[in-house]
Amino acid sequence: MFKIEAIIQPFKLDDVREALKAAGIDGVTITEVRGHGRQKGHKEIYRGREYHVDLLPKAKLEMVVPESRKDEVIDTIMNAARTGNIGDGKIFVYNVGEAIRIRNNDRGESAL
Amino acid sequence: MSPTKRAYLRVCSMLLCAAPAFALQAGNTDAEISALKAAVKASQSAGDNAWMLVSSAFVLMMTGPGLALFYSGLVRRKNVLGTMMQSFVMMAVVTLLWGICAYSLVFGEGNALIGDFRYAFLNGVGGAPNLDYAPTIPHLTFMAYQMMFAIITPALIAGAFAERVRFHAMVVFSVLWLFLVYVPVAHMVWGKGGYLNPFLGGKIPVFDFAGGTVVHITSGFSALVAAIMIGKRHGFPHERMVPHSLVLSFIGACMLWMGWFGFNAGSALAASALASSAFVATHFAAAAGAVSWMVAERIKNGKASALGAISGAVAGLATVTQGAGFVTPVSGAIIGFIAGFVCYYMVVVVKNKLGYDDSLDAFGVHGVGGFIGCLLTGVFATRAVNDALKLANGQAAPLGLVDGNAGQIGNQLIGALIAIAFGVIGTWVSLKITGLITPVRMDKQQEAEGMDVALHGEEGYAFED
Amino acid sequence: MSPTKRAYLRVCSMLLCAAPAFALQAGNTDAEISALKAAVKASQSAGDNAWMLVSSAFVLMMTGPGLALFYSGLVRRKNVLGTMMQSFVMMAVVTLLWGICAYSLVFGEGNALIGDFRYAFLNGVGGAPNLDYAPTIPHLTFMAYQMMFAIITPALIAGAFAERVRFHAMVVFSVLWLFLVYVPVAHMVWGKGGYLNPFLGGKIPVFDFAGGTVVHITSGFSALVAAIMIGKRHGFPHERMVPHSLVLSFIGACMLWMGWFGFNAGSALAASALASSAFVATHFAAAAGAVSWMVAERIKNGKASALGAISGAVAGLATVTQGAGFVTPVSGAIIGFIAGFVCYYMVVVVKNKLGYDDSLDAFGVHGVGGFIGCLLTGVFATRAVNDALKLANGQAAPLGLVDGNAGQIGNQLIGALIAIAFGVIGTWVSLKITGLITPVRMDKQQEAEGMDVALHGEEGYAFED
Amino acid sequence: MSPTKRAYLRVCSMLLCAAPAFALQAGNTDAEISALKAAVKASQSAGDNAWMLVSSAFVLMMTGPGLALFYSGLVRRKNVLGTMMQSFVMMAVVTLLWGICAYSLVFGEGNALIGDFRYAFLNGVGGAPNLDYAPTIPHLTFMAYQMMFAIITPALIAGAFAERVRFHAMVVFSVLWLFLVYVPVAHMVWGKGGYLNPFLGGKIPVFDFAGGTVVHITSGFSALVAAIMIGKRHGFPHERMVPHSLVLSFIGACMLWMGWFGFNAGSALAASALASSAFVATHFAAAAGAVSWMVAERIKNGKASALGAISGAVAGLATVTQGAGFVTPVSGAIIGFIAGFVCYYMVVVVKNKLGYDDSLDAFGVHGVGGFIGCLLTGVFATRAVNDALKLANGQAAPLGLVDGNAGQIGNQLIGALIAIAFGVIGTWVSLKITGLITPVRMDKQQEAEGMDVALHGEEGYAFED
Amino acid sequence: MFKIEAIIQPFKLDDVREALKAAGIDGVTITEVRGHGRQKGHKEIYRGREYHVDLLPKAKLEMVVPESRKDEVIDTIMNAARTGNIGDGKIFVYNVGEAIRIRNNDRGESAL
Amino acid sequence: MFKIEAIIQPFKLDDVREALKAAGIDGVTITEVRGHGRQKGHKEIYRGREYHVDLLPKAKLEMVVPESRKDEVIDTIMNAARTGNIGDGKIFVYNVGEAIRIRNNDRGESAL
C-alpha cells in the first residue's frame, strides 16, 4: 500500500475530488496547509508595516491506495490539478506499513 | 460643552423660572405670550431634532456597519474587507459630494427633473429650518438625514457585482450613478417641484414615504443591469461559493432592522404620531417578511435557515419602505408577508433559472421588494394614517385603493417605471463611462487571490498567527 | 418625507412665528393660550416620543443582535446559527402575536389576572396616547415599546436548553409560554387593574419598574424547569464544551448594556428626570456587577476573566431592572455589587454542584438576579426617587425599607413567588404540550452534527473556502 | 412602567387638555401663563434630555463595543480578550470612581486647577438641572454624559501598550492616571472656574467643544510616554504582528463614528441647532479623514486599505472633536482632510522611523489628531457657529483666526501644552507608582502565551471544538 | 520506530487521548482534517443554491512510537475510538527513519 | 529522497524559514497542529467549569529533500528552532518513494 500525498491549489480541490470519485477513489483525507515553493507571494501593509507573505494556502490530499491503483491515482490527480502555472503543487508517494479500519478491525488493503 | 447653548438657555430660563412676580404686571401678557411662543417653538424643535439626529445616526449605521456586515458575511473569506470597503467608501465619498452639490441638486427647487445649486457647499444650510421640507428641525439636520440615504443607495448596488470589481472602478461608477440616477429620481420624488412629488407641486402623485422608489427600486434595478453587464464570477455557478460568515450577516441584518426605524420612522421628519405609526408598520413588515420566507423555505426544503430568516426580514423592510408612513401597521404586516414570499421566489427560483450572477441578491431583494412595495402602497395607503394631501375643500384626499382611489396604483406604477428607466439607463451609461476610465473587473488572477489581498493589500483575518 | 407632519407644522409655525402683530389684539389672549397649550402638548410629546422610539429600538437591539450574540458566542461553533435563530425567530413571531392579541391580553383592562381583546389587531391603538399608561406619547409607541419586552423574555429562556432543542419545538414552546406565563404575569404587574399593580388599582403593591419580575423572574425560573425537563446535552459535563467565540459574547454583552438603558430608563415612558435617574442606577449596577464578579473570580481562581466581567455586568443589569426607577443611583450600585457576588456563586458553585445543565445560565443570571432584585427593591425603593404612589392625604407614600416600609419586602416576595409559580407551572405545561405536537430534542446524531447543519442546513462560518 | 411620570403627567394633561372652559375666566390668565411656562420648561427638557440620554448611550458604546473592537481586532488572536477587557474594565471601574468623587473633582467649583467634593457620592446630583452647565437637562443626565468621556479616555491609552501589560497593572495605572491627569485637565477646561474655561470664568480662553484637549491630547501624549516607558513587545519590529481580525476593527470603527455623534453633537448639551451643526461637522471630518488617508496610501503604496480608511475616519473624528461646535461643517471637512494626511504621515512614516512601539497608534491618531485639532480650532472657530462668548458690549466675541482673532491660536497652543504637560508627567508618575505596587509587564512566557490565556484563563475563539 | 496515524471522529479525541495517556503514550501531534470515506455528508442550501458537503471534520493523530509499543498503541486507539458506526476512521502505520528531539539533540527512540 | 518533518514552536517559524531559505531550501509545506509532549499546558475556566488544555499550538514543517541535503537541513532546523526549553519539538525523517511536480510532470529529485 502507498500513501499518495498531493499538495495542490485550493481552488482545484473540487475538480480533483471529482476526478478521483470518477476513478472510484473514495477514501481521502484533506488538510489545509500553507506552502512555499517557486510561486511568489504578495505584500501586505498594515499602517506602514510591510510584510511579505510567501506562504500561500494549499490543500493537501492524502490517499492510501493499494499498489495496483497507485499510478492511476497519480495520473488522475495530475490531470485534474494541472493548470501549467507555477504553484500547481507536488505529489509525494510513501510506503504504508499497515492500514486498519477502526470500525471493524479490517486490515490491509481491504481496510482502504 | 456648549457655551452657546448655555447662553441661549440662560435667556430661556430667565423667562421660565424667574417669571412669577414679573407676570403680575398685566401689561406684560402679550410679551409673555410672544416669549412663550418662541420657547414652545424651541422646545418642539428640541424633541423633533433629538429624534432626527438619532435617525440620521441610525441610517448611517445601516450602511456601516449594517450593510457592510450583511454583505461581507455573504462573500468568501478572501473578499471580506473588499466588500466592507464598498460600503465604507460610500460613507466617505458620497458625504463630500453631498455637501458639495448633490444635496442642492436634489432639494434645491430647480425644475421638475432636477434641483439647482443654491445649497452648493451647504450655502444657506444652517440652524434655521427649511420650511418647505421640515419646519421644526434645523436645515442642517434635514440635510444630514437625507445624506445618509444617498450613502446607502449606491452601496446597495455593490451586492450585485460582489467579489469581482476593482475598488476604484466601483468608486467611479458610484459617483457617476449618484448624479445620473439618484439625484434626479430623488428630486422628482422628494424635491420641491419634483415631477412626482404631490406634496410640493408635482404633476404625478407618487407616494414614497421613505425611499421605496428613490432608494430600493433605483438600486435594485441598477443592480440587475450591473450584474448582467459585468458578468459572472469565475467559477459561478458550479464552484462552491458559500457565505464565509453568516454570523456577520446576521449582525448586519439586525442592525439594518434597527437602523430602518431611523430610515422609515425618521422620514416623518419629526417625533410625531406619524413617526410612531411608521415605526410600527416597519417593524411588523420585517417580522412578517421573516416569517413568510421561513415558511417558504420550510415548505420547499424542510428547513428554515438563518440566511432565509434575515433575508425575509430585509425583504419586508425594503418593501414596506415606500408605504411606511401611509399604511396602517396591519397593512405593514401584510406587505411584509407578501414581500417574504415574492422575494423568496425571485431569489431562489427565478434567479437560479435565469442564471445571472446577482451575487448578494441586490435585485431580488431591493429591486423586487421596492417594486412591489411601490404598487402595494397604491393599494394600502390611507388618509387614516396620513392626511397631508388635501382636496380643494381642505379635506384629506383619499390615497390608495383602500381609500377608494384605485387610480393611485397606476400612479405608483408610473413612478416605479420612471425610476426603473433611470436606473437601467443610468447604470448602463455609468458603467460604460467607468470602463473608459479604468478597467472595471479584477483580472482572473486577482479574483482568485481575493479582493482583500489583491486590491487592498490586507487580509480580513489572521487567525493563524 | 412627511407630508402630514409638514402640513401639521405649517399650522404650528404660523402660530409661533407670525405672532407678534397679531398678538396685540387683547381679545385674542384666550385663543392664544389655548393654541399654546396644544402646542406645548405636542412639543412635550415630541421629546418623550423621541426618547421612547429610541428606547424601543434599543430594547429590540437587546434581542437582536444583543442576546443573539451573547448566547451564540457561548455555544460551540456548530450551534452558532441555531442559537442566533432562537432569538431572531422571537423577533418575528412574538411581534405578530403581540399585534394580534397578546398586547391586548396584557394591557386591555380585563380582570385582575388577564386583559381582554379590546386592542386585538391593534384596534384602537393609534396616535392618541393611552392616558392610563403613557399620557404623553402615542399609544402606538407604548404598544411597540412593550412589544420589545415580550420578544426578549422567551428568547432569554432558550439559554437554558441551548444546543439540543429542535427549532420548531422551540417556537411552539415559546408561543405557548408567552400566553401561559408572560401574558398573565405582565398583566398582573403592569396592566390596568392587574392584581399586583399598585398604580392602577391592584391589590398587592409590587414595584417592578422595568420587568425584574415580569421578564427576569419568569424567564429565569422557566429556564430552570426547562433545563431539568429537557435534560443535559450529550457529553455534559465531562466533554469539553467551551464558548466558541467570547468575542461575540462580548459584543453582545455591550449591546445588552447599552440596550438596557432603553429597557430601564425607557420604562419611565418619558424623557423625564425619572428616566435619567433610572439610566444612572442601571449603569452603576452594571459596573458594580462587573466589578464584584471579577473580584469573586480573582479570589477564587487568581484571575478575572472576560466572561466573568460581562456576566457580572449582565447580572447587575438584570438585578437592578426591578428597582431602576425606584432606587437611587447609589442603591443601584449596591444592588449591582450584590448581584455580581450572588449570581457568581449560583452559576459557579451551586449549579456545578446540583449538576443540571442550564447551558448558558439563564436561571443563574436572570432567575437569581431577578429574584434578589425583586427583594432588594423592597429594601431600597424610595419616594425620594419615585413619588407616584400617594397616600390618602395626597402625599407620596413610603416605598421600601429605607422609607420605613419594611412590609414592602413581603409584598415583593409575594410578587416574586406568584411569578415563579406561573413560570414553573406554565413551563411544565408548555413543554408537555409541545412534546405532544413535535419532538422537543434533537436526536443524538443531530446533536453531534450541530444545530446549524442539522436544523437549518447551513454553517456559521466557512473560513476554509 | 413609570408611575411617577404618570402622576406627574396627569397634572400636565389636566393643565393642557382640560383647559378651555376654565380659560374663559380672565383672572386666570396669569396663572395659566405660569403653568404654561412650567409646561414649556418640562417639554424643552424632554427634548433635550431625550437627546442627551441617547448621546450618553452612544458615548458609552464608543468604548464598548466600539473601541474594544477597534483595538482588539488589531492585536493578535491570542490577545483579543485581554485587549477588550482593557476597555471593558474602564466601563466598570471608572463608573464607580466617577460617582464616588471624580465627577465632583471635575465639575465641583473648587479652584482654577481642580474641583471639590461637593458632589461626592452624587450628593446633590438629582433631577434638577445644574444651571451652570446644562440648564435644561437633569443634573443626573449631565453627570452620566460626562462619565462616558472619563471612561473612554484611559481606555484609549491602552492602545499604546497593547499585548504586553498585566491586567491589574493596567487598572491601577488607569485609576492613578484618571486622578492625576484627566481630573485636573477636565476641570481646567470644562469646570466652573477652570483656568482654561472662558465660559465660566477661566483665565485663558481655550475652546474645547467636545474634548480634543481633555480626551485626545491627554490620552495621546500619555500613550506615547507609556509606550516608551513600557518598552516594545518581544519580537517587535521584526516579527510578523498583524491585525488578527480587521473585520472586528471595522465594526468598531463604524461604531466609533456613530458614537462620535453623541460625543460631539451631544456636547451641545441640548438638541439644539448647535448640536446639528456639530453633528454635521463631525460627519464631514470623518469622511474627509477617510478620503485623505486613502489617497495618501494610494500614492505611497498604490492601494488604499481598509485599515487605512477606518484609521483616517478615526483621525478625522479625533481631530474635529475640539472644534466640532465652533467651526462650520465645511471647516470640519477641511480639518478632517488635514487630519488624514498628518496622522497618516505620523503613523506610517515618523513612527516607523523613531521606532517606539505605540502598538495601536494611540499617539499617532489621538495625540497628533488632538493636537492639530486644538490649533485648527484656533483657526476655524467662528462666532457664526457659536456666539456664546460675549464681548463687554454683549455682542458675540470673535473666536478664531477666521473671525480675525489670530491670537486664539496662541491660546489654543497654551491649552495644548498644559494638557501635554499633565499627560507626560502624570503618566510618568502613574506608571512609576504602579510599578511599585505590581509588576507592569507580563513576563516573556506570558507574552508568548498571550493575554487571554495568561491573564484571564480563557481563549477568544474555540473554532476547533 | 513507527508513525501511527489515526484518523478519528473529532468527538472521540478526548477519549482516545485519555486512553493513550493511561497507556503511557504522551507524545502526539494532532491535526484537524476533513475526510471522505463511506460516511455520507449533508446538504447545505444558501438562497436556493444547494451544496452537498461530503467532507466531514476528522481529527488526525500522529504518534511516533518504538516498535515495541506499536501494537499496544494501535489496540488502545481501536478500543477508544470505535463506535461501530461508519465514519469511525482509519489507522495507518509508517516506517520512521529517524527521530530527533530539538531541545537536546536526543536521537532515536530516546527522542520520543 | 527523504521527508523531514519538524514540529516546532509556532513563534520560531519565521526564524526557521529564514534559516532554511539561507540554506537554499525553498520547498516547504506548513500545517498548524496541536501537540502534546512534555510541555505542560494551561488551565481555562468558563463560569466555573475548568478545563486543562494540554494540547499546545505547534507548527509542522514538511520538506522533501534529496538525500544529499538531509543532514544539512536537519542541522539548520535544529539551530534555528532550539531555545533549550521543553516544547522545542521534534524532527522525524521518513523515506519518500517518489516526488512529482504537477505542473510539468518532473519526477524524482528534480521535482523538489
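As written, the chains take the letters A, B, C, D, E and F, and residue 1 is the first residue of each chain.
Definition applied: contacts are C-beta pairs under 8 Å (C-beta built on N, C-alpha and C of every residue); 3 or more make two chains touch, one makes a residue touch a chain.
On a predicted model such as this, the values are computed, not experimentally measured, just so you know.
The minimal number of chain-to-chain contact steps leading from subunit B to subunit E is 1. Looking at the partners of subunit D and subunit E together, the chains they share are A, B, C, F.
At the interface between subunit B and subunit D, under half of the residue numbers involved are used by both copies, so each side presents largely different positions. The interface with the greater number of C-beta contacts, when D-F is set against A-E, is A-E. Centre to centre, using the average C-alpha position, subunit A and subunit D are separated by 53 Å.
One simple way to say how far apart two chains are is to compare their mean CA positions; for subunit E and subunit F this gives 18 Å. Centre-to-centre separation of subunit A and subunit B, using mean CA positions: 48 Å.
Residue positions of subunit D touching 2 or more other chains, listed in rising order: 29, 33, 36, 40, 43-44, 46-48, 50-51, 54, 240-243, 251, 301, 303, 305, 307, 457-459, 461, 463-464.
Residue positions 31-32, 34, 44-46, 94-95 of subunit A are each in touch with at least two other chains.
Of all residues in subunit D, those touching subunit B in their complex are 29-30, 33-34, 36-38, 40-41, 43-44, 46-48, 50-51, 54, 58, 76-77, 131, 133-136, 190, 198-199, 208-210, 240-247, 250-251, 254-255, 257-258, 261, 265, 267-277, 279-280, 283-284, 286-288, 290-291, 294, 301, 303-307, 309-310, 313, 325, 328-330, 333, 386-390, 461, 463.
For subunit F in complex with subunit D, the residues that touch the partner chain are 11, 14, 34, 42-46, 53. Within the complex, the subunit D residues that touch subunit C are 1-10, 12-13, 15-17, 19-20, 23-24, 29, 32-33, 36, 39-40, 42-51, 53-54, 56-57, 60-61, 64-65, 68-69, 72, 80-82, 84-85, 88-89, 91-93, 95-96, 99, 121-122, 126-128, 137-138, 140-141, 143-144, 147, 167, 248, 251, 452, 455-463, 465. In the complex of the two chains, the subunit A residues touching subunit E come out as 3, 17, 26-31, 64, 94-105, 111. Per the touch definition, subunit C reaches subunit E in the complex via residues 235, 239-240, 448-449, 453-454, 457-459, 464.
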